[in-house]
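Remarks on the structure that follows.
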């Protein structure tokens, strides 16, 4: 099952690259640097998906105490942190030519950075507790509080950066979204989502096999 | 004509590829390690042992 | 492995464990324990240090989640609904659960209120009188001796009027007078129909409270015998035998 | 009714223990004085710069003293080995959480008021007209801070490296509350009143509700030790 999922993700990513560099036109206002958006936007969307899965799995664990939910939360948090890191890197590289500095306290980048630190703390907490059952329980609570915090982080960072009314939450890149650009974006979003599922399934299986290891 | 900054575009995709590839390799290596350790343990468990070690099934 | 539970025959059975298992990581501490304690009965849990005596008591007391198996307290399934079990349970562990900066009376007032029981001063003073600590009711627990702390902890338990009492080596560290006093109180508790489980690794003072003795070796019950027919010496010999071939 | 009494008795116990041992309060007061000197020495004597940065400095010192105070939230339970006792009492455990949060809020508000007075005196800033709005902002910010702080204090009570883990987990989550509080305090100290910062106050209010409810629902899972 892993193999099929893995190949599907690989095909998706290849398709995404073709769309991003081949099909999508050269953006008039920003030039080709805009193509980084086909990487930056999918990774941030998949990161949010990952943390939503962590929330649901954490609630499920506290409800049924099923180890499968705990493993899903753990795997999804780890992949989520990975994607958040990629989002920050892509955002910074995109920022350098566009704004002249690697890091700007741009509202979107800042809130993604806060998520990165929060869920890094989640993985740190898991690492600090030896007893597996207790680690699962505590991580579930943290997974819920962190997820509930995301909308608050979003609003507060946006108001903090933009003085008055909060702009639309995820206004990616170019003002006009020509069909080709939209298509390229969609293909990449699907591709990265497939990659996320593949990684989570693979990581969760490793967690299960680590648990079943005889003494 | 705005400059194209291809260098930045390629480096962004390059770093993403490297990071995702490294994570994928890490997962595969961990998978292989686990299958090897299971194959070590398997022969030992074949013949009867003194104190039964029942695998923990939560 | 868990036998289906027939509660019909054991209605006077206040406490029963079925196929109780507990593992920390891969270390299996309890490996399938079945134990029934009837109304008015005292059971001593014997076993070498590390055999799992404390873990068994803590799992039965709903302080620790069992990895497998079930615990029934007064007919209520403690693993699925710990609250109803806790209402009937009293636990006296190594820790005395007392706040050093509060006085004896204040400690009782705190635990009684938190447990949802009545906390009028008269009731609290009565409980202190029962463990003859009333002269020290306004003293801070910080100044108390180990024996006085054990008695105050028991006063706290008595207030909650539990039907099942779980005691982790209650007689260790008690002086002669304290041990005699505790023995009388536990006998009184049993005569009023309470069920009592007490872990111990010595056969000295207080062993008389046990009507039955179970011996825990490597997470399993190696023996479950009535004390009277064998006598204390008989149980001690059985214990030495069980611990040897288990190691 | 017993829920309120049970929450109250937890608060009463912490208050009596604190009044007698005076451990946390003294530590926090001394810590606040220390902060004052540190700010003075590090940020230099230029009064204008300090006054301009006052809202940030105030809330930075509230957060730092809060971290010290909240980190000790379950210390009395741990030292007196009463953790199992709390778990063994029948009934809804969230009452214990509520009592602890209330105790922490009162303790932190006490220290915050003292800090406010110290800042006003040492940097001779007239905060007279800012007091009414601050009387709303301080509790709003402190409840949000104490609600998550108490939860994470329970979470890290038994973990080895809790001195590091507690701030590392708490601070990122508290950024929205911090932003809202500083922005609202800025408006209050500038004498503009709270008209322009109502959206920040709403955010603080929402954060308080979200955190307290999340704490009430998940505290049981943490208490199981």
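Per-chain residue numbering starts at 1, and chain names A, B, C and D are given in the order in which the chains are listed.
Here, a residue touches a chain if its C-beta (ideal position, glycine included) is under 8 Å from a C-beta of that chain, and two chains touch if they have at least 3 such contacts.
Quantities reported herein were computed from a predicted structural model and do not represent experimental measurements.
K.L.:
Among all other chains, pick the one whose mean CA position is farthest from the mean CA position of subunit B.
P.N.:
Centre of mass proxy via C-alpha means gives C as farthest from subunit B.
K.L.:
What is the identifier of the chain with the smallest separation between its Cα mean and the overall Cα mean?
P.N.:
D
K.L.:
Counting in whole Å, what is the centre-to-centre distance of subunit B and subunit C, each centre being its mean C-alpha position?
P.N.:
Centre-to-centre distance between subunit B and subunit C: 47 Å.
K.L.:
Round to the nearest whole Å and give the separation of the Cα centres of subunit A and subunit D.
P.N.:
So the centroids are 31 Å from each other.
K.L.:
Find the geometric centre of each of subunit A and subunit B from their Cα atoms only, then give the gap between the two centres in Å, rounded to an integer.
P.N.:
20
K.L.:
Taking the mean of the CA coordinates per chain, how far is subunit C from subunit D in Å?
P.N.:
About 40 Å, centre to centre.
K.L.:
Among the residues of subunit A, pick out those that touch two or more other chains and give their numbers.
P.N.:
213-215
K.L.:
Give me the residues of subunit D that touch two or more other chains.
P.N.:
Residues 224-225 of subunit D each touch two or more of the other chains.
K.L.:
What positions in subunit B touch 2 or more of the other chains?
P.N.:
Subunit B, residues with two or more chain partners: 56, 58.
K.L.:
Would you mind writing out the residues of subunit C in touch with subunit D in their complex?
P.N.:
Those residues of subunit C that touch subunit D are 58, 61-63, 65, 83-84, 86-87, 89, 91, 93-102, 106, 109-111, 113-116, 140.
K.L.:
Would you pull the subunit B residues touching subunit A in the complex into a rising list?
P.N.:
Residues in contact with subunit A: 1-6, 8-9, 11-13, 15-16, 19-20, 23-24, 27, 30-31, 34, 37-38, 41, 45, 53, 55-56, 58.
K.L.:
Contact residues on subunit A for subunit C in the complex?
P.N.:
Subunit A residues touching subunit C: 65, 130-133, 213-215.
K.L.:
Name, in rising order, each residue of subunit D that touches subunit C in their complex.
P.N.:
Touching subunit C: residues 2, 5-6, 9-10, 12-13, 16-17, 20-21, 76, 79-82, 84-91, 96, 224-225 of subunit D.
K.L.:
Would you mind writing out the residues of subunit A in touch with subunit D in their complex?
P.N.:
Spelled out, the residues of subunit A in touch with subunit D are 62, 114, 117-118, 121, 124-125, 128-129, 134, 137-138, 140-142, 144-146, 148-149, 152-153, 155-157, 159-160.
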